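Structures given as structure tokens follow.
One chain, chain A, appears in both complexes that follow, with chain B as partner in the first and chain C in the second.
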Partner chain A sequence: MLLYNVRLAWKSVQRYPVLSALILLGIALGVGVSTTFITAYHVLARDPVPGKSDSLYYVRMNSWGRGDSPFRQDPPPLITYRDALELLKSRIPVRSTATFSSQATIFPRDGVRPFRDGVRLVTADFFPMFAVPFRYGGPWSREADARPESVAVISSALNDRLFGGANSVGRAIRLEGHDLRVVGVLGPWRPRVRAFGLMGNPLRAPEPVFIPLQLAGPMSFQPSEMQMNWRTPQPGEEALPYASQLMVNEALFLGFWAELPDAGKVREYKSFIDAYVSEQKKLGRFPNPPQNRVTSLLDLMEEERVVPPQTKALAAISLLFLVVSALNLIGLFLGKFLARASNVGVRRALGASRWTIFVQHLVECELMGLAGGFLGVLLSVAGLAILNRVYGDGPDGVAFFQLDVPMVFAAVALSLLAGTIAGLYPAWRICAVPPARHLKSQ
Partner chain B sequence: MPMLKMQNVSKIYRTGLVETRALREFSLEVEAGEFVTITGPSGSGKTTFLNVSGLLDAFEEGTYTLDGLDVSRLSDREMSRVRNEKIGFIFQGFNLLPDLDVFDNIDVPLRYRRLPARERKERIEKAVAMVGLSSRLRHLPAQLSGGQQQRVAIARVLAGDPRLILADEPTGNLDSAMAREIMEILEQVNEAGTTIVMVTHNPEHAARAHRQLHIADGRLFDFERIAPFPLNKPQTAAALVAG
Partner chain C sequence: MEFGPIFRSLLRNRARVVLIVVEVALTLAIVANCLSLIMDTQAQLAKPSGFDDEHIAVIQSNPFDDRLRDPAVLNRLVDQDVRALRAVPGVRAATHTSLRPWESSGQITAIRVPGSRGEPTRTQRAETDPGLFDTLGIPVVEGRGFAEAEYDRGADAPPDQVLPVVVSRALADQLYPGGGAVGKPLADADESQHFQIVGIIDRFYNPFGGNSDKVMLVPGRSVAFDSGSYYLARTTGDPGSLISQLEKGLLGVEKGRFLHLRTLVENRTEFHGRDRLLVASLNGVMALLVLVTALGIVGLTSFSVAERRRQIGTRRALGADRMAIVRHFLLENWMVTSFGVVLGVALAYGLNFGLVTWVAGARLSPAMVAAGALALWAIGLGAALGPALRGARVPPAIATRNV
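Showing the complex of A and B:
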């Protein structure tokens, strides 16, 4: 019976082509707009590290200096280099990493002009913690972190640029006058939200070069994103080598992440942080009340408002737009159905029950909804292309906002919803028409 | 057992404060296999009677038994099933669905009966052959003459093999030659055992039935048996189609 109803719906479209086109357009607009904005929300709000987010925790400690303003009662969002190195020694987390972003001049071979680009300083654990995909090679070892070795992991786009896309593992890149051995080349990777960089701009593409954190001193890397200094340099400190300055300085510029597999480990790690802060207090640091925080990735995203409230509002408004579009189509469907009330009278006389008539017309509405939804998805692809022009593609040419399978299913659901909203009342009205009333008028 | 039995049936139409009694204490029995014609002036209640008989309209008072089934308390679904399986309608305006060709028009009641495709096809081809329209199966109603359209409507009824045919002025829109053809087909169907109740304004056609009834002001106040009514015939149109 479903196929029969589909056939009848198609005949109805052929009988009223203009009216049907208007209905399609209405649904397409509604579905297109709502799918575009819901996709934008979905892209920003979805789990940035599927399967790992639950075990990734961000560490904050109240390391502000004494006598600071009430504004500084909360712990700063970043930690110092010396604290990061201490926390990295703990074996409670399965993995841990401290990270910051910097800029460097990259010197290509063969006379190509040097260029500046982003560099992220991390430890070896960073790559498995944030599920970073590799095309060639892999991350460096923990031993390479400790020494530190002059190694680097580069993005596939940079690999294309420097090595023509060939496997460059073992080859050298020149960075700020230092030669670094490539140990890994990333696969296509454009996380919509940079979980590891929530305190900077989380929507930016990842940096194309990753090097060991402890090269920061020898290579004199300075943070290029957020940095907070509260301590005035003591006499003579400016003359110290940069690595030594990093150790004595209270500059806050590192994000610290720990991978903690269960609640027990989280509690244990929190105690470890508390103990570390108590110990530092005895040494004269951390003068303020301790406000140590070990926050899960998803909670931190909520806290930092990674998904702008405007995006949520736009998604809600676009849904409302779909509902209004569908409500406006009620009149068109009603007109279309009532125009053939006499046919319905005939069908009732021939044995169709009210329910049969209702289903026949609702199937027509849902098919119109699905067809309009298909057009709406095409509109949505165009809408997302416009958004991508604003946000820009990732370094690997992967569009920032893309319709994924769940969003296509959502678009289908929205289409069916629009069909139901627009068609429920007209289908009910037409099935409630007394059959005898229209038989004579046929 | 009568095919159709109404006792004191009343039908009232209400429009605001105005009440119109379309049927008043209407009582009638039609035997299985009978051919009954109903005449009466416009607005007398003929069509209302057919609508109530065909379960297309409700009634307020009285009892109505169709083929031994008390239909006054049936649900919409049950009434639809009775209409589909026991009753065939023939209308003055043919009431074919304009978007569907001849085959699909005849197919409609069979679809609602959920018959398998092969059986539907067989029934349709036999019924169309019976009314002489086998070559027009893929024509749309608009491509047929009035007489041909009415024959399609009759084929639609025959394919469904109903126990009772309700015909509302089936020759009203046809010229006299076509009207005669239609009457001959109906008589053949009746001879095969199907009960027919036909509303007509044509006295000649009315006189061809076994019994002629007259309605005025919603009352059945005059009737006359015209011809002896043989009761030992097959009871369905299927016998005719098969024969």
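Showing the complex of A and C:
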């Protein structure tokens, strides 16, 4: 029966080629526009660490040491180096990491001019927490964090550039005058939203080099993205080793993440943070009212407006566009169907039930919907290519916005929806045609 | 005019009327909201920095040679660099500064009028040499700029020394609303460091950290091996054509470093990239939407004309001229479009309320609603004109056939 209806639909397309082309174009435009902007929304809004985001929590507290704290509603987005090192000692979270981003000059071996690129300082737990894929080797050990060992994990792009893509585990890279041993090479990895660096620009590509957090001192790495200071340095402080300066200068520049598997652990960790802050208050730090927050990744994304409101507005508007396109098609389908009302009259007189006629026409609408939807997906690929010209490619050479499987399914659903909106009323009208009237004039 | 008969005939074709009304209404709602979003974003894009953006090259220098770890060497390098930049033919002025126009980065600090209570004022802060004002093209309109000696001293000024500062008009007006800010004192939030306003610049807009028009400029060099140094060069012609000469000049001074050169316009374009994309997307959606709606009206009117060929023939046979037929269809269409426009104005405000409440967006401006309504009336009439003219060509003789 379905096949029969498909054949009828094909015949109807052949009979009204111009009208059918217009209908197809209408659906394609509607689906194309809405798929483009919903994809843009989806790429930014989807879970950045599937399977893990429920257990990742961001820690904030107000360590601002003066009465002029600009943080009235929310605590500062970042914490200090000394607090980060203290929090890392807690064994309540399954894993925890503190991280910041810096810049370094990288020296290729063979006398090529050095170049500058980003470096992210993390602890060993960072890699499993954010599901970072490895091609060769793996993360360094927790012991390497504490010593700290001169080790590094590098991106596949940097591995290609420095080592021609070979397995470079065990070899050395030269960074800011220090030799670091490569322990791991990442696989292709370009999260569209970098969950671990939401503060600042969350859409930026991950840095190509990862090194242990506590190398910040000996290698004097300064934060390159965001840093907040309230403390005026004491005379003579500049003469201290950089590692000691980091401990005393109270600069806020680290993001802190804890992996907490269940609500009980979250509560336990929250009270641990509260206790830590009141402890520090006794020591004369944290003079402002406490603002301790342990925020889940997805809540933080909402708070930090990772999806720009304009992108949401565009997605909403593009859905309405699809509705207008579909409404438009009601008229076209109506014209097309009523033009062959006499055919339907004959079929009804020969015994076809109203339901049969209704299904036949609805099938035609849905088929047009699907065909238009297919064209629409092609259109949205073109639309996304235009968006990508601004958002650019990742270091893996993969465009920023891409259709993924859920979005293709969504596009199919949208086309069926458009077919239904456009077809329901015309199909109902045509199946209500009284057969007698059309038989008379034959 | 035939309002009565047309209205009654509309009641007999409810499906078609409802379709056009809903379509026009939705289109108006979307177009009005898109227009408001576009105007809002355009206003942001159009704000000038006040600087001579088109004639400025931006240079970042990051040393890697260990020789340059010596602060004295690094300090000397800065002076040599600025001289080398000025020596390139076509360069009018050059400056060593930490101010980064159109990069959405820099330093935010809290300051106050000494002795005042309450919330300190937040402002951008940058260290600079005396050449900044000439290089950006922002004259000091009150008071004075910096002296070379102040710039040289800046780096190792003891904390108890009062530093001269130049502030933007917006900052001066906020701190000293009565005017006459030149010569007045300032301090940082906990009054551990003191400043004196020596000059005011009128033009300053650098979107960063929510303090786009406020800046406090301090004489001094921020030179460090790890952070590198930052220069701006103002050229007489297109700065893009001088990039390679500027780079050659600087590498002639010192090779043990990494240089990154670009034009300020490139910075600005990148800064505006996503907003431009938003405007382009909204324009695209709007254009397609209007096209789709116009096609829809053409289609529906064509059907209504085709359905009524016999009636038209009858009217023509009874003495109506072609103009009367065209007028009939245009009037009918105008009435339907008007219903749509009225409903659309309501929908536009409803959609705007939804967007502003749940998503964000710009408040709807009545002018944009009016512009959208006018456009839809015009589009409705334009779309109906073709089918109406075709209707007018129906010969009266058709009325006599097949009765």
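Following the convention adopted for this analysis, the second predicted complex is superposed on the first by the 435 of 442 C-alpha atoms of A that agree within 3 Å, B and C clash if a C-alpha of one lies under 4 Å from a C-alpha of the other, contacts with A are read in each partner's own complex, and residues count from 1 in each chain.
Just so we're on the same page, contacts are C-beta pairs under 8 Å (C-beta built on N, C-alpha and C of every residue); 3 or more make two chains touch, one makes a residue touch a chain.
Computed from a prediction, not measured in an experiment: that's the story for all the values here.
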Contacts of A:P434 with chain B and chain C, given as first, second, both or neither: first
Partner chain in contact with A:G165 - chain B first, chain C second, else both or neither: neither
Of chain C and chain B, partner touching more chain A residues: C
Touched partner set for A:A349, first chain B, second chain C, both or neither: first
Partner chain(s) touched by A:L334 [first = chain B, second = chain C, both, neither]: second
First (chain B), second (chain C), both or neither touched by A:V390: second
Chain A to chain B touching residues, read off their complex: 1, 4, 11-12, 14-15, 342-343, 345-356, 434-436, 439-440, 442
Parts of chain B lying in touch with chain A, wherever the complex brings them together: 47, 51, 54, 56-57, 76-77, 80-81, 83-85, 89, 91-100, 108-109, 111-114, 156, 160, 168
Chain C residues within the chain A interface of the complex: 15-16, 19, 22-23, 26-27, 29-30, 33-34, 37, 41, 62, 64, 66, 110, 119-120, 122, 159, 188-190, 192-193, 226-227, 258, 260, 273-274, 276-278, 280-282, 284-285, 288-289, 292-293, 295-296, 299-300, 302-303, 351, 354-355, 359-361
Chain A - residues contacting chain C, complex: 22, 26, 29-30, 33, 37, 66-68, 70, 103, 105, 107, 114-116, 176-177, 220-222, 232, 235, 308-310, 312-314, 316-318, 320-321, 323-325, 327-328, 330-332, 334-335, 338, 386-387, 390-391, 425, 429
